[in-house]
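The block underneath contains the structure these notes are about, expressed in structure tokens.
Letters A, B, C and D mark the chains as written, and numbering starts fresh at 1 in each.
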Amino acid sequence: MTDQRADLRYELALANRILANENVFDAFGHVSVRHPEDPSRYLLSRSRAPQLVEPNDILEFTLDSKPVSPPSVQLYSERVIHGEIFKARPDVIAVCHHHAPAVMPFCIAGEETVPVFHLGATMGAKVPFWDSRDDFGDTNLLVVKPEEGASLARALGSNAMVLMRHHGATVVGASLRQLVFRAIYACRNAEYQMAAKALKTVSALTKGEAELAGAINLQPNASTRAWEYWVMRLEKSGGMPPR
Amino acid sequence: MTDQRADLRYELALANRILANENVFDAFGHVSVRHPEDPSRYLLSRSRAPQLVEPNDILEFTLDSKPVSPPSVQLYSERVIHGEIFKARPDVIAVCHHHAPAVMPFCIAGEETVPVFHLGATMGAKVPFWDSRDDFGDTNLLVVKPEEGASLARALGSNAMVLMRHHGATVVGASLRQLVFRAIYACRNAEYQMAAKALKTVSALTKGEAELAGAINLQPNASTRAWEYWVMRLEKSGGMPPR
Amino acid sequence: MTDQRADLRYELALANRILANENVFDAFGHVSVRHPEDPSRYLLSRSRAPQLVEPNDILEFTLDSKPVSPPSVQLYSERVIHGEIFKARPDVIAVCHHHAPAVMPFCIAGEETVPVFHLGATMGAKVPFWDSRDDFGDTNLLVVKPEEGASLARALGSNAMVLMRHHGATVVGASLRQLVFRAIYACRNAEYQMAAKALKTVSALTKGEAELAGAINLQPNASTRAWEYWVMRLEKSGGMPPR
Amino acid sequence: MTDQRADLRYELALANRILANENVFDAFGHVSVRHPEDPSRYLLSRSRAPQLVEPNDILEFTLDSKPVSPPSVQLYSERVIHGEIFKARPDVIAVCHHHAPAVMPFCIAGEETVPVFHLGATMGAKVPFWDSRDDFGDTNLLVVKPEEGASLARALGSNAMVLMRHHGATVVGASLRQLVFRAIYACRNAEYQMAAKALKTVSALTKGEAELAGAINLQPNASTRAWEYWVMRLEKSGGMPPR
């Protein structure tokens, strides 16, 4: 394995643990990154709690979500979420799926989440809502079949995030760090939207503000500053991945 | 004591501490497991805060909740909850009783908790509500007499969880790890149900979804992944039981 | 100093730190105990954040809240709360005054707190409400003058806890550990009452239930179990007082 | 560098980390202090997450927010908030800008925050509301241009704190420790105001109470006690700045 590949596996393990440490993941949730040299493949951990993922747990998958090497370990049953989005969205470099407490009330109430502050604008002006019953009726709610992943990818469309009824959210990014930034601040945005509604009323950013604030905060200097902060917090918690 | 028996006592101490570390127990609450070789007995700690329970604290009780050996320590006054449920439900291997902050608002408001996300579906489609006043009028709310435990067991019926008015909840499982999984995700479910109501409205899973999602998430691979995660969190907190 | 006196100072430092660690105190709040050999005196820390109080910080005061020895350190300006209550209530052995986040919404909204679960019943069936404007008009809200402390003590009457408008709460106990137990579970009770109201409605314990549940949970076995738990949590946080 | 200047840089790094540790800052937010010997300059960190700021990161700026020495590091883009307020308010010695979760619901709902308890009164009886659209229409919401900073300073007027629509808050103080005290207790005040509204209704302090309680709690003995507490908490978290 080249050093660059080893670094990417380490970075992906770190992203798993940061998202868990910042309360986006719990025992469940997963994050992937597109293969930097072969866009028809992606990297994703074997099935385990994200806060435990190590670089050695990272496996390669085709866009049909088949493991490139025969696996000796258990795989996430929902990996088609990643494969089908990477297929449908050549611009996407990283994908995460989660059940963060911040978004669950929206997934359960069927309420739209809208950008309510400048950092939340990085999730995009529109977050579509996917209801698995529309295409598939009653299911166990897991997104396991390729056609279920494809249906979710269609609902996502050209947006950056999609809510999943009674289930959680899926978020995409043009880089792994951008994805982590967007996933975390979309959770903060959902929390503030909910609190503003409880207090009085929700006033969203204007369309112009959402575009301008989203663009400026997706610049690398914002996500670099935040990444350094989240790594420090992970270090303090004793949660850094082994090299 | 056989190694297997020692392992079970350690596992039960671990379950006590995980449930405390995940905010299901505080200074109060208790969890038991049926004796693996003698279904007419069960194992339960002596009376102490669950986060402090050690393997040596675990005692054996008959289904009438009498200690098998004369005790030199104080016992939980509410152990009939365990004995009477083990009597009434031969399929049950583990029982826990708690006052988690997540369920208390439902116990106080008299509101039903319903499955609102796929992992919450493991608590079952129906959670009955037990009001001690129906059979006993004004009491100190503790479930101490055999007939009080039997009344609670009747209210539980064939379900997996029962809410207790002004008091808390009791949860059962077909294994100790399944019980821990169900107890924790039922708390998350209650939190999300409450938040969804504050946000807008509560939409429950359909009956079909609840059955399918409950069944898939009670498979051992889900509780194994979560158990590894909760043990890691307990280790980080410095809270592992002594061997 | 006798060993017994040294032990009591240590126990009072511990009570300070437990109440801070359990989120009853922050930088402010104070807890006192009546002198075990001379009921006309009480023990209270010099002015500092409770989580920092050491046995050496504990001073003796007369019931007029004058320091028995000329002090070389700063004193809490609100110590008349303790002195005036010890005067008015010979049955009271310990007093604490706090601004816990759990009770502040009730102090601000002017809403009554009522027992909503068995452990919360230890605060008593009735928690009166004291508004400093009734006797004193606009003040800086601190209870500093003897007549302000006496007014608060009158509002407390024969109850175990009193809410103070725009300020916080004062709680009393028949022993230091009972006081700590009552103060902490009164906060949990306030949190659950608030959550139940947000969910649907608040149903209080019946008068009979409140009396029975309050009495059983003020028995030493409950507060001993909880004390062991809170000390363990304080130890884990690295917050034990020096001997 | 004189010892006094080194001490001030250390104190400012400490203020950064305390405000982060107390949940006022996250990856974003910044705090400055006026130069003690030259009132036409101020001290502010280079651009990085506040919880990571070290004394060596502190730079000097003119009131036009130009770095006094050519910088080799990235600067906060919003430093005009500090410069323009120091220009407009000779009485101000310290400034902080934040997006604390406690204030965001007010910034989003457009709801006024009012003093609801004695320590919250330190934020002043009136907290004005600044909407960047009034002067500038749709922007990315960052306060980057001198005229944007000047507009915010005008909205602040002679008050101690200003809310910024869809963005956060800016707070000022007559000393660094006073500013930290005010910023933290204004957050607690916002939380309690929100909770009181959810419970029933918000009753603010009277004008007289707000003035008296604000004045007494801005005395150094209150902020000294709290500062010792916050430093202890920062130490426990392993977050003290290097000397």
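Following the convention adopted for this analysis, contacts are C-beta pairs under 8 Å (C-beta built on N, C-alpha and C of every residue); 3 or more make two chains touch, one makes a residue touch a chain.
Just so we're clear, the structure is a prediction, and the values are computed from it rather than from any experiment.
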item: Intersection of contact partners for chain A and chain D; value: none
item: For chain A placed onto chain B, the superposition rotation in degrees, Cα atoms, nearest 5; value: 90
item: Interface residue identity across copies chain C, chain D - same or different by half; value: different
item: Centroid comparison with chain D (C-alpha atoms), farthest chain; value: B
item: Centre-of-Cα separation between chain C and chain B, whole angstrom; value: 33
item: Chain centre separation in whole Å, for chain D relative to chain B (CA means); value: 46
item: Junction residues of chain B, two or more chains touched; value: 197-198
item: Category of the chain touch graph - line, ring, star, complete, other; value: ring
item: Interchain contacts, given as pairs of chains that touch; value: A-B, A-D, B-C, C-D
item: Residue numbers on chain B that touch chain A, as the complex places them; value: 116-119, 188, 191-193, 195-203, 205-206, 208-209, 212-213, 215-217, 221, 225-226, 228-230, 232-233, 236
item: Residues of chain D defined as touching chain A within the complex; value: 26-28, 47-49, 51-52, 74, 99, 101, 104-111, 133, 137-142, 165-168, 194, 197-198, 237-239
